[in-house]
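Both complexes below contain subunit A, partnered by subunit B and then by subunit C.
Entry: the complex of A and B
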């Protein structure tokens, strides 16, 4: 069954170009998140304040008209009479671009310390493929580290929401009666609260001395706390109709315990719904985290997430003077679009009649 | 393309004015912006600048503070003198002053305003603090129609500055005070014509959340050197534009005449000066201060008996060498270059150079020197014994704390982030967090459970009005507020200086006292001052007599600003 579905999905990818590119984008983004330390030339907090808002570095392959090894030039920051940042090239200084260079140490997959980077220009120069932020930190590196937060927050969040949604929705639908009433009324209470304000209110309750990782974890918990309610309601409805089906009745007559019926019959039959639900609600988590970080209440500097990187791009002036600081927004856009395309495709495949909506 | 944009943007601006105006009549109009809408037009209860910016044009006081020098100048009063060693102050009013409805303004109005409004315990008046000296308020006596006397039981040297509070009309407001509804009088829903004023302008219109329009008060007394009556402007229009970015765009489109900007925006506006006919005037460091403060509170919560702050951390923060090391570790030049785009000034003491004569330039400075910072920490026993890059105190506790600032203030947030990094570089484990402004104020004034904060305070020319911050009993004495007895010898010294200075009539002696205070602050570092932004004003060329200054902004001489005909 699963294999057949995967097969169908695979076939869809080859016939639908959008879907294929979405799958490729997501795969690349997750690879970047996984190998962030390796892909990025610098640590996320490696700053060089003398290169504040360094524009994206050009890679030169010609020197004096002759083809040479790829290299970058050295620039010096000055202010002109209008106090604009001007990067003046330093004559005769070039840094060769090399692959697999040693640089900042990072922890690889949380297991071992490593200092090998995919590319770099050595200690003397700096390379900013996507430009630098105000403190001269490499935007590419920060986006790569930011992907670790932004690309996982949806997965973990959906996992938690699924856990609650399936469990409470399943219990509610299967047992009915007063249990059903209690659970359904509490989901309604949660659904009444405007999501974003609940997020802000819960965020304000965090103690100020929490580190970023704990904040990150609890933001996920808050987001999924809002997210599970709508799922639980739909699951409950599905379970309610499923338990009246003949095959369930047959299992019950044969003396199968509740646990068996729930795990073997009911949950697999709701799978088509929650798989689609998961892929479509992930973008909500990504955007929720971005909004929170954009307001300065999510992941905190020096740690990076796409949302808090965008915080620097809140001002039209900054965008006008340093347009590259808007790039993290492009990554959010790509990730959200890709998840939506994949989610749509999954719905077409698994459950064409079902309408799936998300709450965040 | 740009011209097209200008045209498009011009259409709503025109149609926003309503009926077509007769040519020439309202051309003498100034359009400025305000970041948030006014909450009241009642100057006694107004607290936020969005309200006082407007009420200050409507209601004037016995004295005024010069917008450039900070000096106290005559306004409704022509002269004043003190007697009894500074305990009694007598003011002489101008002759034939009138309210905007034509009624005479006399010493009775002044007595009413002070006795029944500012000093009335039933009214939450924002001005009462500055009229109070050691818990005492003045007794006000009318001597004649134009003479009035204020009498304190203790000397109050800077009283003329406090006497700048706006005077209100007794004949209009007495009923409201008698009925106990004064606080809600003249709210934002009031009919503009019922607001009777004595300032150069009166309220013409308020469109909720959009704009406030003032028009000239024909009964205003002041005349210029040629005998022409002031103000020159017929109308002043405050457009409410919540975002500085949008203000800048509106200014570029010609919808605003003057705006105040910061260094970040300078590169955007500066190249356009000739094309859009405006000038940029840099007037020096802003008044007020931004600082890093360590919580030194050693008190306990009376309800739970638990200390407000972990005593281990309080011990580090109470160590002056620890604070000095932190100050040496902060790279102020880079903060100015990065956050303020090169347009800022390092600050070393509690008064900005723009704050007038009490600024003391020779306070101790802590130029960026991370090696010296490390050395100080080493000598004070904060050493990394475990080799993990984090220093520990002599008892072996790793030095770990979180810098907090309020979300939404971009400059402050970015400064705090850089300070965090600078302190991490000398071997401290420092986190950073932003929280909502109200939540932060709550921590600073009620729960006292913060560790390190980046905050700001506004400032006027006379240090006495900062007593609430500097007296150890003050509520804004952030590092250890509301102490019954000063816990640290230098706090006792500052308390003594502030009490002595308010009694001192001689200006030179007061300056000496306040210099001593600034020196102590520089030595002890209860606040580690961060740079101040350069104040910059963008001013349309056709305006005349705009003289922006850090203290008074660009509106301090609004009655003399004129629009040149083109």
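Entry: the complex of A and C
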């Protein structure tokens, strides 16, 4: 069953260009998140205050009209007559771009310490492919490290929301009666409070000076606390109709305990819904984390997440002077868009109507 | 020897209540059923749809709790037992359901479905269960290789064989057959009925055969009970009931069979009503 579905999904990718690019984007983003230390030339907190708001560096392959090794120029910070930063190239100084260079140490998957980077220009120069922030930190490196937070928060958050939503929805639908009433009224209470204010209120209930790791897990908990309710309602409705099926009666005759009936007979038969739910609700988690971090309530500097990288882009003059600081927003856009496209494709694929036509 | 006996068995569903929670509208799905079943006997229960046959089956299987009355299996009262104590009874009392495409979980393999009862009700090791499952599949005429298949890969007749094997691996004494053939093609129906006969003789089983089709029920049953609106209005040996119907409902059912004969649409043996 699963293998056939994967095969169908694979076929869909090749007929639908949007879907293929979404899958490619997501794969790349997760690879970047996984190997953030390796693909980024610098540590996320490696700063150079003499190069504050350094613009994106061009890679040159010609020197004096002759083809040479790819290299970047050295720039020097000066100020123009309006005291705006201007970076002027220093004549004659070039730094060759090299692959697999030694640089800042990072820990790979928290297991081993390493200092090898995919590319770099060595100690004497600096490379800023996507520009620098106010403290001269490489935006590309910070976006790569930020992907670790932003791309995983959705997955972990949805996993927790699924766990609670499925179990509570399943229990609610299977037992009915007062259990159902209690669970359903709880979901309604969570759902009537506007999500964003609930997010803020929950965050405000806890100390603001927690370290980033704790905040990270706490944001996940907050987001899934809000997210499980809508899932539990739908799952309850599906279980309500599924429990009337004869295979549930048969399971009881065969002595299956309620726990087994709920987790093995009922919930797996709602898979076509909750798989779609998961992929469609991941963007909500990414945006939720970004919103909290943007407001300074989430991941704290020096740690990076796409949301708190956008903090620098909150002033319109900064965007005008250094447009590249908006780039983390572009990554949020790509990730959210890709998850939505994949979610839509999964919904088409797992549509029960279609299931009927394909099995006959 | 009596295997199963019910005394004044009833199930009332509350459809609506007033403000204080007192029932104002009650559906009497089963309303005072007394029946007995001897060992190695087939009792046919026949009645129109909605007469309470399936509810009665679910009461006997204790999927539903009776509103009043008693059920005795093998001399032991079982209607008030807790789910835990029922686990001792369940292997003896099994069922085959109407629609095999509904009664098999689409996400379980055939082997998992057949082995489910062994998993919950016995302490057999993994290997022993597997052996029992294969043995059961062989007895109902299913090739062992389909143990890893899913229900949608099987034909309707094969699926119903899975349903039968699932009940049989527990070595039951009584199997309740709730319209076991009405979702199947006519030719397949005959095969399934013959299989059920063979299995009964091999294993000294008793059946309660529930159907809306009197033609089929008279063909398979030793005794027949006719149900109308939650009550058994007539019960007796098959011959007596068919040749000397006392109740109008029985006559109506018989006339329906006769009309089909005249129209030539009914097959000689078991057929659809």
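The definition used in the following text is that the second predicted complex is superposed on the first by the 349 of 360 C-alpha atoms of A that agree within 3 Å, B and C clash if a C-alpha of one lies under 4 Å from a C-alpha of the other, contacts with A are read in each partner's own complex, and residues count from 1 in each chain.
Definition applied: a contact is a pair of C-beta atoms (placed from the backbone, for glycine too) under 8 Å apart; a residue touches a chain by one contact, two chains touch by 3 or more.
As the structure is a computational prediction, the values presented were derived from the model and not from experiment.
Novice: Between subunit B (first) and subunit C (second), which does A:255 come into contact with in this model arrangement: first, second, both, or neither?
Specialist: second
Novice: Quick one: classify A:302 as touching subunit B (first), subunit C (second), both or neither.
Specialist: Once the two structures are laid over each other on A, A:302 reaches subunit B alone.
Novice: Of the two partner chains, subunit B (first) and subunit C (second), which one does A:245 touch, if any: first, second, both, or neither?
Specialist: In the superposed model, A:245 contacts subunit C only, not subunit B.
Novice: Of the two partners subunit B and subunit C, indicate the one touching more residues belonging to subunit A.
Specialist: Greater contact footprint in residues on subunit A: B.
Novice: When the two structures are overlaid on chain A, which partner does A:47 contact: first (subunit B), second (subunit C), both, or neither?
Specialist: Touch partner of A:47: subunit B, not subunit C.
Novice: Considering only the touch criterion stated at the top, classify A:316 as touching first (subunit B), second (subunit C), both, or neither.
Specialist: The first partner, subunit B, only.
Novice: Scan A:268 for contacts with subunit B and subunit C and give back first, second, both or neither.
Specialist: In the superposition, A:268 contacts subunit C only.
Novice: With both complexes superposed on chain A, which partner does A:89 reach: first (subunit B), second (subunit C), both or neither?
Specialist: neither
Novice: Mind pulling up the subunit C residues that touch subunit A in the complex?
Specialist: Checking each residue of subunit C against subunit A gives 58, 61, 63, 83, 86-87, 90-91, 93-95, 97-99, 102-107, 116-117, 120-121, 150, 152, 163, 166, 170.
Novice: Can you list the subunit B residues touching subunit A in their complex?
Specialist: These residues of subunit B touch subunit A: 244-245, 248-249, 263-268, 270-271, 331, 334, 337-339, 341-343, 401-402, 404, 407-408, 410, 413-414, 417-418, 420-421, 431-436, 439, 443, 450-451.
Novice: Of all residues in subunit A, which touch subunit C in the complex?
Specialist: For this pair, the touching residues of subunit A are 1, 245-247, 249-257, 260, 264-265, 268-269, 271, 359.
Novice: Which residues of subunit A touch subunit B in the complex?
Specialist: For subunit A paired with subunit B, touching residues are 45, 47, 49, 52, 79, 81-85, 134-135, 200, 204, 208-212, 295-297, 300-302, 314-318, 320-321.
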